[in-house]
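Note that the chains are named A, B, C, D and E in the order they appear, and that numbering of residues resets to 1 at the start of each chain.
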Amino acid sequence: MTRVFKKFSGKLGLPHGADRDDTETKKEIIITIFDYDSKQCREKALDKVEESFPFKGSPTVTWINIEGIDPKIVQKIDDNFGVHPLVSEDIVISGQRPKMEDYGDYIFIVLRMIYFSVKFNEIIDEQTSLILGPNFVISFQEKEGDVFDPIRQRIREGKGRLRIMGADYLAYALLDAVVDNYYAILEKRGEDIEKLEDEIMAYPRNGIGQEIHQLKRDMNYLRKQIWPLREVINGLQRNESKLIKKQTAIYLRDVYDHTIQIIDTIESFRDMLSGLHDIYLSSISNKMNEIMRILTVFAVIFIPLTFIAGVYGMNFEFMPELKWRYGYFMVLGFMACVGIGMVVFFKKKHWL
Amino acid sequence: MTRVFKKFSGKLGLPHGADRDDTETKKEIIITIFDYDSKQCREKALDKVEESFPFKGSPTVTWINIEGIDPKIVQKIDDNFGVHPLVSEDIVISGQRPKMEDYGDYIFIVLRMIYFSVKFNEIIDEQTSLILGPNFVISFQEKEGDVFDPIRQRIREGKGRLRIMGADYLAYALLDAVVDNYYAILEKRGEDIEKLEDEIMAYPRNGIGQEIHQLKRDMNYLRKQIWPLREVINGLQRNESKLIKKQTAIYLRDVYDHTIQIIDTIESFRDMLSGLHDIYLSSISNKMNEIMRILTVFAVIFIPLTFIAGVYGMNFEFMPELKWRYGYFMVLGFMACVGIGMVVFFKKKHWL
Amino acid sequence: MTRVFKKFSGKLGLPHGADRDDTETKKEIIITIFDYDSKQCREKALDKVEESFPFKGSPTVTWINIEGIDPKIVQKIDDNFGVHPLVSEDIVISGQRPKMEDYGDYIFIVLRMIYFSVKFNEIIDEQTSLILGPNFVISFQEKEGDVFDPIRQRIREGKGRLRIMGADYLAYALLDAVVDNYYAILEKRGEDIEKLEDEIMAYPRNGIGQEIHQLKRDMNYLRKQIWPLREVINGLQRNESKLIKKQTAIYLRDVYDHTIQIIDTIESFRDMLSGLHDIYLSSISNKMNEIMRILTVFAVIFIPLTFIAGVYGMNFEFMPELKWRYGYFMVLGFMACVGIGMVVFFKKKHWL
Amino acid sequence: MTRVFKKFSGKLGLPHGADRDDTETKKEIIITIFDYDSKQCREKALDKVEESFPFKGSPTVTWINIEGIDPKIVQKIDDNFGVHPLVSEDIVISGQRPKMEDYGDYIFIVLRMIYFSVKFNEIIDEQTSLILGPNFVISFQEKEGDVFDPIRQRIREGKGRLRIMGADYLAYALLDAVVDNYYAILEKRGEDIEKLEDEIMAYPRNGIGQEIHQLKRDMNYLRKQIWPLREVINGLQRNESKLIKKQTAIYLRDVYDHTIQIIDTIESFRDMLSGLHDIYLSSISNKMNEIMRILTVFAVIFIPLTFIAGVYGMNFEFMPELKWRYGYFMVLGFMACVGIGMVVFFKKKHWL
Amino acid sequence: MTRVFKKFSGKLGLPHGADRDDTETKKEIIITIFDYDSKQCREKALDKVEESFPFKGSPTVTWINIEGIDPKIVQKIDDNFGVHPLVSEDIVISGQRPKMEDYGDYIFIVLRMIYFSVKFNEIIDEQTSLILGPNFVISFQEKEGDVFDPIRQRIREGKGRLRIMGADYLAYALLDAVVDNYYAILEKRGEDIEKLEDEIMAYPRNGIGQEIHQLKRDMNYLRKQIWPLREVINGLQRNESKLIKKQTAIYLRDVYDHTIQIIDTIESFRDMLSGLHDIYLSSISNKMNEIMRILTVFAVIFIPLTFIAGVYGMNFEFMPELKWRYGYFMVLGFMACVGIGMVVFFKKKHWL
């Protein structure tokens, strides 16, 4: 999540859907399949994508999950399941805006999965594509590892509604898992913000401005991802398509509420960060002003004293005070009086 | 109302509506019931939630109020009254956005009750959920104590319209009580703002920036709560459902007007706080400028005088003035003239 | 118009429409009545509100004007004319947002009358409520004195359309009189703004920041009053009710245009005030910079001179210059050269 | 275009359409008439407004142009052509917001004509009203001189579509001429902005802040005039009225595109002016900072030198250096070293 | 892309569509034609525009591309293909806002082609107009060179869908090529922004403010071009016209997604530039503050030392310290203590 601009790697002006696999280095692709209904559940890791084709017409719910994007594999699956070439292209090219497209026979959803990976100990941010068909869901992920383990567990255990309801409920569960992980990220960032706030109140150290800037950028990035996601889920919920049943729509409304809440939280965080930035700037400026004020007052106190010393440093032949027995001590005393008087005056004026 | 971000305590990725009671410490739950029509009124404190079940089918209006959230109790009530599991989940999980959902047989409303509790001498901010059925209202509160005592009194005394009209009017009365208490909170904050303003005009002391920031944050928090509340009440008022009668809708329009007025006031307060912040900043900067200007002018006055003293402190053998009888006094006089002349000049220039 | 927040004096949580008269001190209530058609006109000051009741069913247009709000009197009138209790409540409680409510038999309008009272020599700002029935208009004002005298004159003289047309035209005329007075207030404020502008250009004296702030606040207040008024008048104009005839709607469109124009002017004023504030701040900062620059340059000129004097104030035994016949004058001359050289240099650099 | 607020000269509270001519000084009114169809064209300057009345029913297209506003003449024309009194009032009172009102038999349009008058060598800004009837257009202008000369020429010469098409095309041509002149004004202002930009880059002289402020104000004024004009033209284009033929609507769409383009340009200019202002402020502040930095560095270099001189100016009896043969020169040399060392240090630090 | 305001070169007030060719200097016009269906493809460079006329009625898809705008040629083509005079005018006059106009028989599209020309090694920004008819596309470009070469190649090679589908798909391909090049420009600008960011973090050199300003301006310019383009493509996609087939609309939705993504990126860039500007300003101000603080602390350390030297430079006859054997060294030692003490104090206070 360091740099906002993802470079658009497509060859400009080329026909869409053309081969692009040559620019990507070969990496391992993991394909797993779940095939279940309320009574039974089969789970399988596939070696070849072609093994998934027989599941197409089965009456059970089939979930094909592909981790790692290989254009050729995407092509094969899409050809088998009758998916439009533009969809394949969107799956392959990273940096898509979250969107939902209803092609009649299937619904295509793109969104970003952002989560903290315990395995890699860092925040993973990858594009995830879902194709929801009448009784199948195909999910494409850019990288290995995801937030779907609890769902896998629920399918295996057969508890709750997941095994009873159809492919649309599975798609809902996947969306919900992705959205729930935004909360975790936000909570993490919320703690960072509160820590920053405490620090600023205590002492405005130098790097804080940059940290606020970085957090702001993260918030802008998340906002950019979740604003369209809101429309995506709203679109699904209001969809007239037969692919989404009425009882699932209620659950989608729940995810919709969550996205709204996340957007609200992001907006709050943005407001807080702006506020923090203002406080930071003014506390820096206050600190600087304080230093300059004290230094200036200090310098000003010595100016008349140095002047007095200068006067009695003059070499006039006739300067009566110079001959006085206690002249020196009187002048020192006078200087002390002037100095103390000025300090008192400045204290009273709240300048020191 | 100290920290804006309420941590989302749900287990991420778990099926919705799953048991969550193990993370919450056991606390006392208070369940009270009012059952009334225009002729009679029964009031009762329940020991077990099951005692409320017989009231479900009664032709009288029943108000079940639960203070303290125990997921098991919520579950039991919801099962008995036929409420959707997602509703139970929303009641249990704190930090909901105010919303209204029409499930046909009943309407579900979530909002925040914010009020000054005399008992605890602090501002209480808790999530309140209402379920409005054909002839019952169930209200869930997170904490003990609420703003509904005047309504209880009115039910007991049987004065006014409350006993004559149905469950929808009771729901209206509860909403109205919650909204009215926002006025009280705003009035308190309004006084704080005016006090701050008077202080800034008098003397811009150091902590004011932070206080303005805190008030701004409170306003943002209230705004975040009341904006969606406005839609909630508008939704109720325009609702086609048979649950809300036409004569009650007029009263809901009145609450709607109040929320608009509260939003207006919050916006005014935000504008005023921004204005105050600007004034505060510029008065701090003016004060600093004033100090620096006076100090600099003061220093500048002594600079030529010290130079003159320095000149006559030179050790040249042939410096005629040094031998003059009144040279010393002439130089002192000249210095006084230069000093006074500069003061006059700076005064005339409005620099001092 | 000093303080924006009007305290909401209602008892929180009490049933709406309950007696509130005990908190208000007794003041004189003035009730006047106009009853006219195209042929005749009766004008009367009433001692008791009950004297107005017989006019209810008359075929002539009746205008009942009540100056000063006494909840009991409002109650009596509203009961007689069949007005909803919520309307009575809105009339009695000050600080309403301008609004229009169509109750079928009558239309209820609340707005603020803001005008310069010649009698009291100050700006009066009071809530005004209108109830427009089939052939009557009832107007409630908080204080004695209003902007309706020209309308009274036109009713008495019977010139123009007022006597010929119905109660809706009378309501229009009252609205128009209120809106026209906003122009007068704006014109006054416009003059204040232009005066401030001239002052800032000439010399940015100290209190101007506060004056700009005060004017901004006034503009915000007016805007808050007139934005909803715009909707009110638009609502009246587009109203399907039989209470407003088609030929009157054209006149309402004219008032609507005026409110839009007023809003435009307010926005212009706000822009101008923001611009003025920026100019004020930068002219203050320019002035400060100028002073500091000149003072610093002045100080810097003396610094090398003082250094030179310091050098020849050293007590080394062997300093050849000290023995030179014209050493003193040569040094003085050198100092003058250095000083003049620096002045010339700074002048050329535009630093002085 | 100096002052934004046009004083509203109407008598407040008076019936609309009442005589207002007594406040205006008598000025010459110029009335000209064009009466044409595809075959012939009559052009005439009228002495009395009554001479235009016979043209009302003629089958040819009639264009009556009145330069200078005399309420009596407006009244006479409007009475003859059956125009609503509110229209007459809007024509007479200056400072109207651009608007379009469809009265069924005729369409009333108000807009501002802003153009550079070669005759008076200044920018003229006047209110222009058009009344478009079935086969006539009446145009009212506040001042002598307009932008319609090319249209007059085209009517006389009979080239192009103007003579063939009806009154609606004439109205379009007039609107188009007005809008085209906004381009000319914008082009002029664009040149001013570019000149300012070049100046700021070169040297941020003092008055530039004010000039930017003035240009911003002009842009705000233009924007205020053209935003509603956009709606006016859009309204005309989408109008269902029989007064505007379908083939003319295509031309109106073209004018509409022009207004959008002008709004775009104004917004660009506003952005540019904001950017320029920021650059101006930061270049002023940079310049000031530069001066202060150099001066401070200069002063700081002399401070230790003066201190050294002060040390050897002390009068202790036993100061061995004072007796050294080359003590003086060694000290001078040491001073030079210190001074040069500091200059080198500051140079390296980029402080000088 | 240096100056935002393109001067509107039309003669003000003239009839639209009049001859304008006399102000433009003669330049070479390149006309090429592609005529193809799924089986064959003819490519030809025309000497005279009239050679393209016979292709009008052919059943094959015809693409006429004109590089360089000559009003006479535009006129001839438009007359032959039955295009409205206003369209010809829009093609000839540069500086149009991107727009789409459906004239029934044909659709007219204007947009800006912005691309990096390898041939001229600079960013080319030219107005491009498309006329899409039943089986022809006419494209007008202001300058030689374009982004259409990959499309030409695809037509020649006959691979992909281009040769199979109709004129609407060709228009889509042209639009897509233009939009794809915006990505390239944005990517370039994105690299500039990242480079600037790195530079600011390292050292805030002087010209960066101007570079940020320039980039902001470029972004504003692109935004101004692409916002309306979004509406253009949306309009095409939702168009009911028979000219655009349903299977092409899916491809247009893809281009639409791209424009949204580009707008998103532009907004991100604008946010980043604003953030960078803030960081730049505060890092400049920090740097300045740092310098001033260090210099001031340095000066303040010497002030009491110089004062002490001044005291022992006084010429009083009775100053016991002056006679002490080690007075001088004691004073020097004392001075060193004071100096070191102050340095330590300032270090501890983080002022140095």
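Basically, a contact is a pair of C-beta atoms (placed from the backbone, for glycine too) under 8 Å apart; a residue touches a chain by one contact, two chains touch by 3 or more.
Every value quoted in this text rests on a predicted model; they were computed, and no experiment measured them.
Visitor: Looking at the contacts, which chains touch subunit B and subunit C alike?
Guide: none
Visitor: If you list every residue number at the subunit C and subunit D contact, are more than half found on both copies (same) or fewer than half (different)?
Guide: different
Visitor: Taking only the C-alpha atoms, how many degrees of rotation bring subunit D onto subunit E, rounded to the nearest 5?
Guide: 70
Visitor: Please tell me the distance, in whole Å, between the geometric centres of subunit B and subunit D computed from their C-alpha atoms.
Guide: Using C-alpha averages as centres, the distance is 44 Å.
Visitor: Taking the mean of the C-alpha atoms as each chain's centre, how many Å separate subunit A from subunit B?
Guide: It comes to 27 Å between the two C-alpha centres.
Visitor: For subunit C, which residues are shared contacts with two or more other chains?
Guide: Within subunit C, residues 292, 296, 299, 306, 310, 313-315, 319 contact more than one other chain.
Visitor: Write down the ring's chain sequence, where subunit C leads and subunit D follows directly.
Guide: Beginning with subunit C, then subunit D, the ring reads C, D, E, A, B.
Visitor: Give every residue of subunit A touching subunit E within the complex, in rising order.
Guide: For this pair, the touching residues of subunit A are 3-5, 7-8, 10, 12-16, 18, 84, 86, 95-97, 99, 101, 206, 209-210, 213, 216-217, 220, 224, 277, 281, 284, 288, 291-292, 295-296, 298-299, 302, 305-306, 309-310, 312-315, 319, 321-328, 331-332, 335.
Visitor: State the interface residues of subunit C toward subunit D in the complex, per the touch definition above.
Guide: Within the complex, subunit C contacts subunit D at residues 147, 149-151, 154, 159-162, 176-177, 180-181, 183-184, 186-187, 190, 193-194, 201, 250-251, 253-254, 257, 260-261, 264-265, 268-269, 271-272, 275, 278-279, 282, 286, 289, 292-293, 296-297, 299-300, 303-304, 306-307, 310-311, 313-319, 349, 351.
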